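The following pair of complexes shares a single chain, chain A, combined with chain B in the former and chain C in the latter.
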Partner chain A sequence: MTTTDYQTVSIVPKAHKARKEHGQTWWAWVWVAPALILELIFYIYPLIQTIILSFQNADSSSYVGFKNYVTIFTNPTMLEVIKNNLLWLVLATLLTVGLGLIVAVLVDKVRVESVVKSALFVPMAISFVAAGVIWRFIYLYSPNGENQIGLLNAFLGLFKVQPQAWLINTSFNNLALIAVYTWMWTGFCMVIISAALKGIPEDVIEAAKIDGASNLTLFWRITVPMVQPTLGVVATTMVINVLKIFDVIYIMTGGDYKTDVVAVEFYNQLFNFSNYGLASALAILLLIVISPVMYINIRRLRAQEAER
Partner chain B sequence: MAQVRFDHVYKTFNKVEVVHDISIDVKDKEFLVLVGPSGCGKSTCLRMIAGLEEPTEGEIYIGDRVVNGVDPKDRDIAMVFQNYALYPHMTVFDNMAFGLKLRHFPKDQIKKRVEEAAEILGLQPFLKRKPKELSGGQRQRVALGRAIVREAQVFLMDEPLSNLDAKLRVATRAEIIKLHQRIQTTMVYVTHDQVEAMTMGDRIAVLNGGVIQQLGAPQELYDHPANIFVAGFIGSPAMNFIPGAKVGTVDGRTSVILEGIGKVEVPQIYEERARAAADRNLTFGIRPVHLEDVNLVSANSNHGDIRSAIDASVDVVENLGNELQVYLTTGGKNIVATLDPRAHVTAGNKIRLFVDSDQIHLFDTDTGEAIF
Partner chain C sequence: MNISESQASSELTSAPKTDKPKARKNSETRGRLLRRALGSGLLTVVVIALALIWSVPTFGLFVSSFRPASLITTTGWWSGLIPPWNFTLQNYIDVLQAQGLGQAFVNSLIISIPGTFLPMIIAAFGAYAFAWMKFPGRDFFFMGIVALLVIPTQIALVPVLKLFTDIGLTGEYAAVWLAHTAFGLPFAVFLLRNFFAALPSDLMESAHIDGASHWRIFWSIIIPLSVPSLASLGIFQFMWVWNDLLTSLIFLGGNPQRAPMTLSIANLVDSYGSNYPVLTAAAFLSMALPLVVFFALQRYFVRGILAGSVKG
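Now for the complex of A and B:
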């Protein structure tokens, strides 16, 4: 049916109504088809394939049931991976969103606002691999007594502080990695929260001041609740990001020294140990954990749009 | 209870002076209206009382205390904003209770005060709602309620009615007047609407260009405007001005002579002032309601012969039922007259207008100052 036919049909009343509706549905499928086909090839098919792989052994020659999943939740190395991911989830999200909020509020309507914002946002412009390399140099460690080339140890040396193996010492190497991530993502959180702050009407702030609010009260009882929807979206975005964290760790420690996380372990299982079964199970685990957060995020965005 | 005093206050923003040497004494329990066109500095004055702006020079007193540099929260003031400024994430109850909670009032007292205010403003059914579930008028009442519960010494209102539709504005205007009578607090009210100013204020301060033009009771401003600006700003429709007026003697009486338009006798008490100003550039002023169709006045007969009249040609006649709003041209100037509906006026015709000479005004054209 061509467009011309369609128009002819539409000006003929009752008799062809059914045919017209039928035509509309048909056309709707035609328009949606390219997207659906791409979705099937690149998303649904790999997903099903991965699920199937996760129930098979290392070389995908036989089905092993839930064995791979049992391994994830019982093997000490795997448990370490999950524990690290949880640490990342809590700390990295809190730090990026928290610092982003604090900085956004502190520089709001200050003369140096744009300078501070740009400075904090710049790390976003650097590739994460490059950032990882930069921070490896910052954390670089030479044994005590030798020249410290690493920026951090050299700086601490000025105050006669013992040099530390930041990326190797298991009592704080995860924190050192989280610090890098925070450095990269705080600017992103800040910029989005800052935009939300600009949306708070000035007179509401003034009304609160007259009502007797101190700066701290203003922050907790007016500012935070009023940007809360944005904080929600930023936080869930960060949660999704952190759950998938890979690049920083892969570049800086490769997952060694008890810094391994799910995504890095997935990569290692797949490409280094060729254990397709366990790698797929890890991927599915990530998907299952991230999906609800993604769902919440989408719902929040929709609710925000509905309010506009 | 407190008075508010401006003592030679100046305010400059980025080298632009928006308030120039303002001194006002707002008496205790008084309702003072600051009125003027946009950008005249009236809101800045209000914000300086609130502590949201600091004067560049001069002092502001609330009660006996100089409040320069005092935080808004420590000034014991309440303020109602043009856009309501409600806290969107709080219920109506919490919006009103917020200020009391921050001041650590006991819970039962907060509840009592909020409920009392809600009753005065008819807000009881809405206490659990959020602001976005309310209409504009209801929101404005919440903003009023939030100010009332504080029982502050001074009430500040920044164009609180300008976002309401015409009908609601008139109703809320009356509510605010009643409210003032009831709570007996010093109120400073900012508006650009001269009708609001006239109807609400005990006294009105007319501002223009950051300078007080006149401060006085509404009737005083209407009857005796200090200058052309006040004369033109207060009263609706606005006063008619006819420049090029001369003072001379006609039939032995001091008169204002309007070349080619007509002549108006000067009231005896002003004769001396009029003659003293005879050599200046003068502008004649008359309000539309003080003009009338000559025929109607003669018919009333007690005026005898008409000694004060002007001639004009009629452009447009608007019949409002109780009066005629007539737009005329005289001596190349457009003027307006509010006439009795029995007046014989038709667009395109000439008309002779009687001028109530007791109500005339004369201004110095160059300085704008009133001569009488």
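Now for the complex of A and C:
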């Protein structure tokens, strides 16, 4: 990795450090106070509150110990929710990062690069709500024999494949939803990975080519290892995103037909069943699962600071 | 380290890296050249096909929204592309007049504009202090705010909703503004702090020697120099707030007079399950502004993503 000015600047400039800073401490607190107070109200206070609520019953009138957590891991409906979240976690992350990498490598060598990138990137600007409407027109289902107005069923009909209710049939409706997410987020992964590809020194690739490396060898032996740190960053971003996935499912199936995930179930428990205890336990479960990622991020940030 | 400023400069719009034919021509036979040309031709076809596949869903919605209601529900949108064409603006007229989506568009703006600028200002102050001031616990608090990036916003919803209901803020725009500001801050502080810290220290130093206060340095040096990074952040925050569903869903307490586009459309999906003519036009209206912003300022958007992605 190249060292830029950006990285060599120390956090506290030396000249600045030498200056007398007496009486400036309170002034600094004034500058950070609005941010810190807001974060206290919107993150720290709710965090403590949610932990307490998760040990209480539905209407928060008495303590029930770990009952809500036990429910999450024993109730068949809840287990379904966790299973779906795991499926999302593995598939959605693999698909977005994997496709992002492949596309980034492919477009790196062609003249139409920026057009292709834009096309893949546009869905980022679209809300999940609008994406939900867009994809309804893909997944729309009419009974066999009727005119199919959903693109996917009409297309498969050309090959004499029976029309399917993509969002209702439980054997693939989760995959149909993951496809929507992949459509929206592959562009994001691609852009970041593509920037990392541009950072691979030209001579490394030249040397490998002179040694007679095939494109595939080049990809696995040079490209992937060289962009590996970036893949890590992109993958953790996707993992956090996917664990919290809400909108796409809420808008397309509402969590019905066995497509429920933790964040949607949280919402349903809260607003449809008024079960504050179980809802809070679900939120804390999300936090516990995400915590290791948070730890990795802090460590990465520390390492970056140390390099400056 | 991975995604540094140096890489941020190679953006979406940057020129594609082309092979260097001069260096290679000697070492290659004509057969290999031919194969290479065929290969790159095939590659171009593949990536263009990919771009088309990616665009089809959005294009489908676009076409559908201009088709007469009776046709939308009986034939696929692609059959509308075959002459004789039969397009109409009726869906848009219906949506704006009958469904109150015009008001929702205005509401989206009322929510998004303060929802974008408030976090930017507050984050800029905080980021400046984190980058250029000294106070005990500075690094701890900065790391703490960055750590908040991964906390699911769902956690905040119940307790803050109760708090807001107690003080009568639920259902008001202010509740959504505050929520978007708070949820946007971790990313905003992180992004701006890194940009500010990268500015040359001599600049700050000489300003201090000239007796300039932090306040003056902030407004006359830092902010003018950070316009590109502020633009990246602004676009990011705007798209996020404009496209948000959950925050409005919860903090507006179901007040339909204040519902933004996303919420109104989500309600349309619920109550009109299959009223596709209305949905298509509504969805496309909600996408229009972010798409314009996106295409106009794509460069900054990408830069924001690259700089911010280190957060993981």
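Here, the second predicted complex is superposed on the first by the 262 of 308 C-alpha atoms of A that agree within 3 Å, B and C clash if a C-alpha of one lies under 4 Å from a C-alpha of the other, contacts with A are read in each partner's own complex, and residues count from 1 in each chain.
Going forward, a residue touches a chain if its C-beta (ideal position, glycine included) is under 8 Å from a C-beta of that chain, and two chains touch if they have at least 3 such contacts.
For clarity, every value in this text was computed on a predicted model and none was experimentally measured.
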item	value
Partner chain in contact with A:V122 - chain B first, chain C second, else both or neither	second
Chain B versus chain C as contact partner of A:Y43, first or second or both or neither	second
Of chain B and chain C, the chain that contacts the larger number of chain A residues	C
First (chain B), second (chain C), both or neither touched by A:A207	first
Contacts of A:I222 with chain B and chain C, given as first, second, both or neither	first
Chain B versus chain C as contact partner of A:T230, first or second or both or neither	second
Partner chain(s) touched by A:V105 [first = chain B, second = chain C, both, neither]	neither
Residues of chain A at both interfaces, chain B in one complex, chain C in the other	206
Complex contacts: residues of chain A adjacent to chain B	201, 203-204, 206-214, 217, 221-222, 225-226, 228
Residue numbers on chain C that touch chain A, as the complex places them	1-8, 10-14, 16-19, 23, 40, 43-44, 46-48, 50-52, 54-58, 60-61, 64, 72-78, 122-123, 125-126, 128-136, 138-139, 141, 143-160, 163, 178-179, 181-183, 185-186, 189, 197-202, 204-205, 208, 214, 239, 242-246, 261-262, 265-266, 269, 276, 279-280, 282-284, 286-287, 290-291, 293-294, 298, 302, 305-306, 309-312
Chain A - residues contacting chain C, complex	1-2, 4-7, 9, 11-17, 19, 21, 24-25, 27-29, 31-32, 34-36, 38-39, 41-43, 45-47, 49-50, 53, 103, 106-130, 132-138, 147-151, 154, 183, 187-188, 191-192, 195-196, 198-199, 206, 229-230, 232-234, 236-237, 240, 243-244, 246-247, 250-251, 263, 266-267, 270, 276, 279-280, 283-284, 286-287, 290, 293-294, 296-298, 300-305, 307-308
Contacting residues of chain B [partner chain A, same complex]	50-52, 71-73, 77-79, 81-83, 85-89, 98-99, 102-103, 146, 150
